[in-house]
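Following are the structures in question.
What follows is subunit A paired twice: with subunit B in the first complex and subunit C in the second.
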Partner chain A sequence: MKETQTTAENNVNKSVIMLKALKDNVKQFKDIFQNDDTFMIRYFVNSYQSQIRFCLLYLEGMIDAEKIYNSIIKPLIQTNLSENKTTNIDTIMNQVIISHKVEKTQDSDALISAIIRGDSVLLMENCYDALIIASKGWKSRSTTEPEGEKVIRGPREGFVEPLMENLSMIRRRLATPDLKFKIMHIGVRTKTKLGICYIDGIANKQILGELLERLNKVKIDGILLSGSLAELIQDAPYSPFETIGSTEKPDVAAANLLEGRILVIVDGTPHVLVLPYLLEQFFQSDDDYALNFYFSSFSRMLRVLSFILTVTAPAIYVALLTYHQEMIPTPLLMSILAARQGIPFPTIVETLGLILAFEVLRETGIRMPVSLATALSILGALVLGTAAVEARIVSATVIIVVALTGLTGLMTQKLKSPVVVIRIFLTILAGLMGIYGVLYGIILVLTHLCTIRSFGVPYLMSYTSLRPEDLLDTAMRTPIWFLKKRPRFISSSNKIRQANRRGN
Partner chain B sequence: MYKEIISQKQAIVLMITFIIGSNTILVMGGKSKQDIWIAVIFAIAAACVLVAVYARIAKLFPEKHLFEILDILFGKVFGRIIVLFFAWYLFHIGAAIVKNISEFIRIISLDSTPVCIISLMTGIVIAYAVRSGLEVMGRLISIIFPIWITGTLVLTILSIGQYDINRLKPVLYEGLEPVISDAFRLFALPFAETVVFLCFAGSFQRKSSPYKIYYYSLLVGGFYLAIVVARTVMMIGADNLSMFMYPLYVTARLIRVGNFLEKIELISAVLIISCTFTKATVYLFSFTKGVAYLFNIRDYHRIAAPSVFLASIYSIPLYESAIEMIKWAQDIFPYYSIPFQIILPVAVWITAEIKLRKNKNTTAENPQNQAM
Partner chain C sequence: MKRIIKILLYILIINPLLLTSCWNYREADNLTLVRGLAIDKAEDNNYLVSAETADMHEEGMEGKAKSVIIESKGETIFDAVRNAILVNVPRLYLGHTTVVVISQKLAQEGVTPVMDFLTRDHETRLEMHPVIYQGNEAKEIFKAKPFTAEIISEEIRDMLYEQKRISKAVQVQIYEFMECLASEGVSGIMPVVRLEEIAGEKVIRLCGTAVFKKDKLIGYLDEDETKYLCFVLDEVEGGVLTVNVGSKEDNGKITLEILKSKTKVKPSYKEDKITIEIKIRIRAVLDEVRTRIKFNDQKDLDELAKIAGEQLKGHIENVIKKAQNSNSDIFGFGLQVKRSLPKVWKEKGKDWDKLFRELEVNIIPDIEIVHTGLLIKSVEVGE
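So, the complex of A and B:
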């Protein structure tokens, strides 16, 4: 507690008190940015009236040199300032500087953070005020299709790191003045810019209030990733399930806004936070709405099924083989037992070991340079797979089960963390109590899922309300004209989203 | 404190699962043999009368649970004594159901696992559900119920080849007497057991009607039971019914579709357990609420784990064997529960009606007095 307070006060003690003399002001800034070689101080005078001295402060690398040259230095030097007798900072601001954003201030925090953010500060002789002039300029990557959310039919645009570009991508899709952006800063040291985005009249005011309250409670030195912010503000913090989602696609973000959800965009992260986020959204893809609804429903059910399979398959295998061998049809049992001949480990050890090996392979695959991929696949497939079976360390059936588990697990990538935890939990329970252990484990997990809420909305709301209309867009995707209402609880009073069937 | 609310649909689903609960283990093997389905229908008819009393109590005291009602009607001291007895009843039956589950699991597959391990594991799961509260239970059952319904329907359809309607004949060969004696047993278990729901009837959604909840669940659950019983008789015959300990489980073993789909009794076992689990949870949830009320603990979630574990430990020495347990459930339980299922609710109902009428009279007179 004490530590956070000291960090919070740490950089408040450095401030600038604006004085009359240009020299004194510059010296104060110099003190703050001492030992920073990118801090630039540029003195110049007006060519017609040499007693008017200016000083421009900026950080090299953060500014666009072209902008500074064209809109600040050039007009200030070349304009004939002797024409009007009363040259003060206001005339400079209003008549000389050619920039879309100029602000006059004495506030020390504003001035310092403006310099840090890449704007430049103009000081003038005999003047208490300073001007903050927009001059930001740096390269960001161009938008690409997000790797994690590929689509067959749909926009390929993805969010990028700078906040304002992301906001513009959303704004371009929703041309309504009801679309609101609330900008705030978080993190004592990083002062990370956050954009909270919602549609007025659709978004639930209570959820918005709750979000702002939680954001205000965050006292931390820095937020660099939207994921770590999500962890700080989400419900059920100890649960493996995430109750705040994220997307990299502006069209998905816009669709979520239209459903009444709220976005939190963190500057520097292309992953935009979506809240409230419910379990069914992990199984949705924006392709679903572009493709035929039979096909989309089928692929959604496939996703749900593969989630269930990836979580339970090894557990059921262990349970069947350890406790309920009579359940397996005899020919199948024979071949499984033949494959297990001479294997020294019990099924549970074998299965857990291979699950672990697969997770190691997956983790290596993510963090590894592409050039090593061949080596990995040889090691993984040959050494761990074939050789282990031939050396009779693991049975071929376990490899099939774990491969199935891994494959189905890849289908629901975003649920990775709960999947890994629950899979191992269920497998251990299966080793203890057979299929009943699996059943108990599933009941425990379901109970846990039922207790979770995301910003007050039950995590399994659509599945547990026993209202058929809530299920229209969950495990299946009914035709779009069926989806007449926005999800309950998430949206406020404005619930109807389309007119009657197909506009009739 | 935050008030828990479950919707009407969730309450109905919870009650249906509750009614079907234990009977999948305990229903079979009565005196009435092949006429047992008629006994079920008689029991439903009798329960319809009693359930009216339950629903009336719930209606008279909206947003109040049974313990508070007892307090209002019988005073602080006497009310609490009744609560104590009722909590004992809940505890005892809850533990018995935990024993049911663990014996069932032990007998059908985990025969070398000590029963105390199974009881404790069951206790952990129930404790977590109880601790999470009524709303979570409502949501949980809304997920389990559709899966359960689909599962039973599939099993019923798959076993259609095994039905032999002749096994239901002759109808009423030995007259009505054995049927009525069985009906009495079935009336107490499960239909009149719905008295437990009064312990949290105060959490029913305000606009929901207790009559609707009670009657809907009674009829759906009851007729489902009648069908299950008839199905089982049609599959294995009345004589085998009393021979097997878990006839419903056995019927699933008979299912064979081609050479491929066979021996699927494990699915049936999973369905049976999830149902019985719900019943145990409802009992122990009510028990926990009762204990919380007795000791003036505002937040019952805190004592959920200790009270459920107590029940699951008590369940271990409760019966020596599964046969003793089934005998107890069939022969003693109906009489044992008369005070709680019939006498107490009727007494509550009559006292409530009298008191309310008095109150109404006084409130009706009061304005006149003031006017005069």
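So, the complex of A and C:
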């Protein structure tokens, strides 16, 4: 905390006091941007009146050269300024510069940050004011389908890094003036732009207030990822469960806004934060609303089931095999025993080792260049799978259990971090205390889930609710005409989102 | 204050973790999987326990287990089970035992010690099948050649499961037998196996029912008698009913296949006398005809059903007579009286042994022949 304060002070000391002489002003900017070779200073004069000197300041790489050439330098040099006797900065601003956004200011901070953000600053001889002229221009990648949220039926558009483009993607989907964007800057050094996005009248004002309060408390030198911001402002920060969600899809973001949720868009990250975020949302996919509701309900239940399986399967295997052999059906126990003949490790070591091996494979798969994928699959499948079983280092059943665990784990990708933690936790408990330990662990996890909240909304709200209308969009996805109300607590007063089918 | 409560809560939560009794960590591969037990009494009054274990070492990955017999002696049954460690390294694990074969000799002396061990031990299951071995020593059973399963105990269990198609053996589990032992007015029964030689190979054969008085084996019922016993016990799920028809010289026989059978036992008390009424409702199908008689309409079938009912009644009466002679209430009539006429039982229950001998039993069979199979008449040979 102390350190960030001092850096903040350092920053304040570096300021520009606008003077009359062009040379002095330029020198001040030069001092601030010293040792920065991308800082460009371009002097030029009007071709009709050579005593009017101009200086354009910008950062190379941040500007669109075309814009600077066409809308600033070309008109300034070619316009006949001598006809106009009273040439001052206002006439330049109003009559010469051809740009959609020009601002006259003496404010040092505004000028410096404008240069940093890719605008250019125009200085003029014998003038205390400077002009900030929009000239931003940099390459960003085109929108692609987000890898993490693929759909069968639905839009393929995904968010990109620049904030404004993301905002426009949301705005295009919600044509209402009630859609509000609040722009903030966070990070003493990075001054990262944040967009807080909500629909006025649907979003809960208390949650919005709480969010702004938490954001204001963040004092950090830089925020580069939306994820690290989420970690700073979320509830239950020590929990493995995330209480702020994220999405890469503008249509998901818009749907969340319509439910009364609030988005935080961080410039530079295509992952938009969604809050409040509840556990049930990890099991929802925007596909669910596009496909038939029977099928959607089925696949949702499958996701919930696979979450339960991926967390408990290895633990139950270890517990049954080391404590409760009588609970395994005899033929199954016999084939497990046959597979375990000659395995040197205890079951718990074997299982934990393979879970670890699978995590290594997964981690490598993410970080590794695509061209090496075949090598990885050969290593993973052949060496770890077949060879290890044939060499009698691990038993085939453990491989099946861990493969099942891994496969079902991939189904709920976004829950990866709690899943890995709880899975290992439960497996160790199973090795220590059998089924009793597994149950104990599950109760601990459930108790924990019941206590955490996301911005005041209980994390398990829909699952634990006794009201039937809260259960309509959880483990099952009822037809859309059933979903007449917005989720409780999240939306403020405006709860009805759909007229009755008869139109009243 | 809040802090103290919090700490106390943590202690409360962590405490039960340490208070459990299940600390029994054991690797599954350090156990010898027992599938069946044969219990004999040796000459020196010790017990001889033969355990049939499923051995996975040889076949390995194929998952086919080999039957390995481990014999051990001990002063008590559990002592013998543990003494097996002297012979075989990993200890015997009884959690997957399906069949307990008790030798005839031991059963005649009383099965209480066996039952006590089987119910008291925490590994043995109450759904195991106790079986009486009709022969010298129960361990001989494991020398038989199994037909389908690799392991003889599994074969016996499968035979017991399968017999419900013919209802010629009873399927008893330990807890059922224990209930019979513990309650008054009913005697225990167990299925009986023996070895039989077919084509030079010794094979297992189910052969009726062992009848107990208290905990002692006192006699046997053969397969057919067992079937009629099953009718009284309402255990018939299928099977056939053969009916003699026509004159004796004709020796005509008709076979009915039982589709459904329901028995209701109702005791009544009138004029200081207990009578038992047994109503048996059977739905059957004509399945095999060895006679000249033709069945043209429902009337003929009803006539046949009546004959079948009479014959069934006679058979059942014979079985009841046999049980009454040996004074063992294997039908649980006493229990029925106790349940439906508790006042009478309070008064007369003490003398049930005597009462059972002279008990009057009314059997009311009600057979319905649903159809005559795929043929209407019997097969006729042309002139």
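Everything below uses one rule, namely that the second predicted complex is superposed on the first by the 501 of 504 C-alpha atoms of A that agree within 3 Å, B and C clash if a C-alpha of one lies under 4 Å from a C-alpha of the other, contacts with A are read in each partner's own complex, and residues count from 1 in each chain.
Here is the rule we go by: a residue touches a chain if its C-beta (ideal position, glycine included) is under 8 Å from a C-beta of that chain, and two chains touch if they have at least 3 such contacts.
Nothing here was measured: the structure is a model prediction, and the numbers come from that model.
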Looking at the overlay on subunit A, is there a clash between subunit B and subunit C, or do the two fit? clash
Does the superposition put A:341 against subunit B (first), subunit C (second), both, or neither? second
Once the structures are superposed on A, label A:410 by its partner contacts, choosing first (subunit B), second (subunit C), both or neither. neither
I'd like to know which partner A:333 touches here: subunit B for first, subunit C for second, both or neither. second
For A:321, select first, second, both or neither according to whether it touches subunit B, subunit C, the two together, or no partner. second
Determine, under the contact definition given at the top, whether A:218 touches first (subunit B), second (subunit C), both, or neither. neither
Quick check on the superposed pair: does A:440 touch subunit B, subunit C, both, or neither? Answer first, second, both or neither. both
Candidates 5-13, 77-85, 113-121 or 221-229 checked on subunit B; the stretch that hits subunit C is 113-121
After superposition on chain A, the subunit A residues reached by both subunit B and subunit C are 323, 326, 433-434, 436, 440
Touching residues (chain side subunit A, partner subunit C) in the complex: 321-323, 325-326, 330, 333-341, 343, 346-347, 396, 431, 433-434, 436, 440
Going by the contact rule at the top, pick out the subunit B residues touching subunit A in the complex. 7, 9-10, 13, 105, 109-110, 113, 117-118, 121-122, 124-125, 128-129, 132-133, 136, 138-140, 142-144, 260, 262-264, 266, 269-270, 273-274, 277
For the complex, give me every residue of subunit C touching subunit A. 16-17, 20, 22-29, 31, 33, 35, 54, 56-57, 59-65, 93, 95-96, 98, 123, 125
Of all residues in subunit A, which touch subunit B in the complex? 323-324, 326-327, 329, 432-437, 439-440, 443-444, 446-448, 450-451, 458, 460, 463-467
